[in-house]
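Both complexes shown next keep subunit A, but they swap its partner, so subunit B is in the first and subunit C is in the second.
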Partner chain A sequence: MADAVMRRNTTQAIVATSLLAIWLVLAAFPFFWTLWGSFKVEADFFSRQSWWNAISGPATMLQTGGHFTLDGYRGAWIQREFWRAALNTGIVTVCVTTISLVFGTLGGYALSRSTRRYTFWILIAALVFRAMPHITLVAGYLLPFFKLNIWGVLPTAIVVLVAINQPFTIWMLHSFFMSIPKDLDESAMVDGCTRFQAFRWVVIPVMWPGVITTGLFSFLLSYNDFAVTAMLLNQDNQTMVPKINSFLGTVQTEGTIMYAVAAVVSATVPLFMLVMFFQRQIVSGLTAGAVKG
Partner chain B sequence: MRHRDFAAFIAPSLIAMFLFIVLPVGSIMVQSLFVEHDQVLVTTKNCGPFGCKEETRVDTQATEKLRREEPLGKFNGLGTYFNRAHLAIAQVGQIFSGNHGFGDIVSRLYDLPFYKALSFTLVYTFLVTPLCMVSGFLVALGVNAIPRMIKGPVIFLSLLPYIITPLLGSLILFWMINTDGVIGATLQLIFNDPELSLKASPVLTWVTLIVYGVWHMTPFAFVVFYAGLQTLPRDTIESAMIDGASRWERIRNVVIPHLLPLATFVALILMMDNFRVFEPIVGFSAAANATSLSFAIYNDLNGQTDQLFGSASATSVLTMIGVIILLLPVLVRTWRDFKGRAR
Partner chain C sequence: MAGIQLVNVSKRWGNVTGVRNFDLTIEDREFLVLLGPSGCGKSTTMRMIAGLEDVSEGEIRIGDRVVNKLEPKDRDISMVFQSYGLYPNMTVYENIRFPLKVRKVPKEEQHDRVMAAAEMVGLTDLLERRPAALSGGQRQRVALGRAIVREPTVFLMDEPLSNLDAKLRVSTRAQIKNLQYRLKTTTIYVTHDQIEAMTLADRVVVMNRGVIQQIATPTEIYDNPANTFVAGFIGSPAMNLVEGDISDGVFTTENMRLEGLPHTASGRVILGFRAEDATVTEGEGAITGSIYALELLGEASMAAVHVGGELVNIKAGKAFRADIGDKLTADIRPRLCHLFDRETGERISERT
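Then we have the complex of A and B:
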């Protein structure tokens, strides 16, 4: 009987492991495939004859004389000025993350320390706002922004993204602040701190893990945004994601689709790095709402 | 906390949300009642040697001027909501008064743009959400069983589809399933059909988008369920094992009940995120065969010559009503909990 149990356990283990292996291939293979292919020419990456061409790259050898080519990257970054979009993305994400965190820590702290009825309503309103598709709000921005003549510039997009991120940010920070005992700031206030001093000098120093985690998600939300930045920024101020989308319209006809592939890979690399360095925080952030809230 | 302190702390956040979420919602509601101006037409009498002709042409200058002076357009009441591009009351009435059975109703409803978008959005939301939860749960069980050493790299790889920008993720997959991409070409080879294209048929496009959705959101469900597995009480599992429960019985009777509260949270977040499905339709260039509510708004706003603000706003209001309906069970439950706690 022990034998039968053992055998069943091994089969189960094999099934579980192979399922996991399939998932891992599905999850990761597209990225590595595209990364590798971005150093080839179009005839190889989109080869009609055989997918093996994308790996070995005979056309790349023929056309450029090397196994790998930087043509796609050169075309995207220099010729099509992708660096401008990368710079804009940098400005937008840094500003949005910083402002979101400042507003969010203040608001989240207040919500976690007040026991009154209105905190409930604010949190519920935030939940509803969080559920609203961003593009529905964009429809409401355009006419007023045209009228005020603030359409198309980076500060507008930054302010809008901060506001759109607020519901999420205060929910997450609220749940992190809830895990910090109230006695901490109350004893600081007994010692003569004002509410703000207690917040700034006593609570925030122990909140860093929560702040960093929330910051990562604010960063991701602004970095990954397409709806807002595509509709609110003009051609010169576009960030990376809408820029890549506008690449698509032209590259297909020009036969320079590898520019778009290179741009996509370039925009993916920072996200890769982010997961690599902050994996623990991202995992804890994803579960924060579930476990604590 | 005193009211004054509370107000001071929450002010920046509330003001931002009021200005850029509450006001725009109001602005959408107002805009949806208006419709773009018609072009100003002038009729002139042209008299030539062969008699007089009446000629109608567009007065571009006057049209421009009118549009500049009243950017909202002219008042249309609820007209936009009921026209063919939205709720299509007249057309729906026709369909229901004379049709050839259920299949006919469905196919004719699907020809109306709003119902086309709505049906895809709902199918996507209610298929992707449970599928993600199942696959996320399976991945979580798998990762939980592997040696500690390789857990880190495995979680790293598993997170990638979730962390990727939706538009870029769908482009990466789109290039692979393209007829000359690796998956597309291989599928042609397997089915021995050089014409096979995932883009061509509506059904295959829907399947592709749903597969993308599951791929993109599974890591989220996985991470939450994996965290839940870490808090599983060891002694319960061990006593179940001593009682002779098989692996499947342990999962069914111990693990799943333990994860149930997390599952509601995951379902809520997944539904909210899936309901706004939009970028994959752009990335997969799928608009011909599948549109969503968000995409319909984007499409109206993105018109190169004239942006249809009235139409986009009406769709936005309808979408928000959809979101509220979707959230209603959660809102009611939270409200009951809150009342219960207050008492």
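Then we have the complex of A and C:
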């Protein structure tokens, strides 16, 4: 009996593991392929003769004298100033995430604790704005931005990205706050807190998983955005994604396509690290056992 | 230390009324229990006193201050919530200390007071734990400890025992009673459990649908219910209520004829009496009927008989045995009966 159970468990484990392994390979392959290729020259990575060239890299050997080359990275980061785009992305993402979270936590909390009926309509409105294609916001604003002479600079892009992101942030944080019992803030207020102190000292500490998860989504939205940044930023202020696009757009010049590959890898690595770093918070449930026996 | 006064307090949400014209004066050091079925506005009343709910109408005074417009933190109260409302990210020690920390009590004093409070509720061994690692009873005690640590003028407790199992409920009940006796703090306690109300209260406020039904000591509420609602709510089993006609001090209805009642009442009334006030007799008696059911309770037997369209409980000795359908005769002393108006349900007989 025990043996049979054990055997079944082992079989299950094997099946589960192999399925996971297959999925992992399928999911990770494009990344590793790109990562590997980014250290080769274009003649190998985009070889017409054989895809195997991308692995073995004969042209890389021929052109640079080594198995791997940093030409792609050098070209992108130094020659074409990808570092500037990276810096811009940094500024945009940090600002968008911070602003979205500040308004999102305050707004989401207020909406979750308000007993007024209009909170429902505010949330519905947020959902509608969230559902609109991003480009509609940009299209409508483009002319005024030109007129006001604020087109092309980072703050404008930040404002628009916040506007796109905020409904979602509020919506998401609102549902996180709803899952935190009202008794918690009320306890704190009876214990001597103002509403804001209760929010700051009692509610937010149990909200970290929600704040971090929402923050991560905001970060990803602004990090990956193309529609807004491509339309609203001038050449000097471009962020990484439109910049990569511009590398791709100049294929006539031999080599720049490898800049794009190198830049893609450069842009992906921070994302990996971020998710790895925060994975624990994302899945944790701090409130367990807080309320009921 | 302070008394509390509620003057004509009402609470409305749109056209929903939670509490209506609530008038109550609570003495300093009194243990007052708000009792009523679920949804009758007990919590709402307490939350208005705490400042967690706005008052639609009327005035609330704590001590000699009108507190209607004060924030909860400025009312000098502490509250134990039904769900305890412990801070999950803090240890037991930090939970109990929180009210002191927020109110900027000097650091040196904080520790002593936390330890004293923890001692009182028997938590000294668990101070480093987090709420998630505590049992229901222990969490409840943390909530109590956090409430007493600040030595407020008023304790508010909203069904603090309802998440505990029956046995723990009895011992914690005793603990709360003892704590209140020692601290001598005015306490308002909300419950739907009449046993809790009877055992804890100096005075009980019975509520129904947002309206006060009766304010009196537990004994008075039991012995002299002000109306049929209180009569039917208090006691287990609740008071028997049968409808019938009364004239010249004689009450008659199906299976029942009782003489010797007050002559003041006449016409259609409701007569109430408790199961233990009826005695099974041989031969003649006020009630004559056939037994519908017989329950053995251990210390007594409870016989159910149809009287005036109602099933009436009659308590018999523990040796009493009979079959369903057997004839039963019981007598009641008229002095122990209560008469209520059939329309309003208000009491019409004198207090016994």
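Please note the rule applied: the second predicted complex is superposed on the first by the 246 of 293 C-alpha atoms of A that agree within 3 Å, B and C clash if a C-alpha of one lies under 4 Å from a C-alpha of the other, contacts with A are read in each partner's own complex, and residues count from 1 in each chain.
Rule of thumb we're sticking to: a contact is a pair of C-beta atoms (placed from the backbone, for glycine too) under 8 Å apart; a residue touches a chain by one contact, two chains touch by 3 or more.
Just so it is clear, the structure is predicted and the values come from calculations on it, not from any experiment.
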Report task. May I ask you to decide whether A:S114 touches subunit B, subunit C, both, or neither, giving the answer as first, second, both or neither? Result -> first
Query raised in the report: Looking at the overlay, does A:Q197 come into contact with subunit B only (first), subunit C only (second), both, or neither?
Result: second
**Report entry** First, second, both or neither for A:M178, with subunit B first and subunit C second
**Finding:** neither
Report summary line: Of the two partners subunit B and subunit C, more of subunit A gets touched by chain B
Report task. For A:A13, decide between first (touching subunit B), second (touching subunit C), both and neither. Result -> first
Query raised in the report: When the two structures are overlaid on chain A, which partner does A:I212 contact: first (subunit B), second (subunit C), both, or neither?
Result: neither
Query raised in the report: Which holds for A:E186: it touches subunit B only (first), subunit C only (second), both, or neither?
Result: second
**Report entry** On subunit A, positions contacted by subunit B and by subunit C
**Finding:** 115, 286-287, 289-291, 293
Query raised in the report: Hey, which residues of subunit A end up touching subunit B in the complex?
Result: 8-9, 12-13, 16-17, 19-20, 23-24, 26-28, 30-31, 33-34, 45-48, 50-51, 54, 102-104, 106-107, 109-111, 113-117, 120, 122, 124-144, 146-147, 159-160, 162-164, 166-167, 170, 195-196, 199, 220, 223-224, 226-227, 230-231, 241, 244-245, 248, 260-261, 264, 267-268, 271-272, 274-276, 279, 282-283, 286-287, 289-291, 293
Query - Touching residues on subunit C, where the partner in the complex is subunit A - result: 13, 50-52, 71-73, 77-79, 81-89, 98-99, 102-103, 131-133, 135-136, 139-140, 146, 150, 156, 163-164
Query raised in the report: Contact residues on subunit A for subunit C in the complex?
Result: 115, 181, 183-184, 186-194, 197, 201-202, 205-206, 286-293
Query - Contacting residues of subunit B [partner subunit A, same complex] - result: 1-3, 5-6, 8-10, 12-14, 16-17, 19-21, 23-28, 31, 71-72, 135, 138-139, 141-143, 145-146, 152, 154-161, 163-168, 171-173, 175-176, 178, 180-182, 185-186, 215, 218-220, 223-224, 226-228, 231, 246-247, 262, 265-266, 269, 272, 275-276, 278-279, 282, 293-294, 297-298, 300-302, 307, 309, 312-313, 315-316, 319-320, 323-324, 326-327, 330-331, 334-335, 338, 342
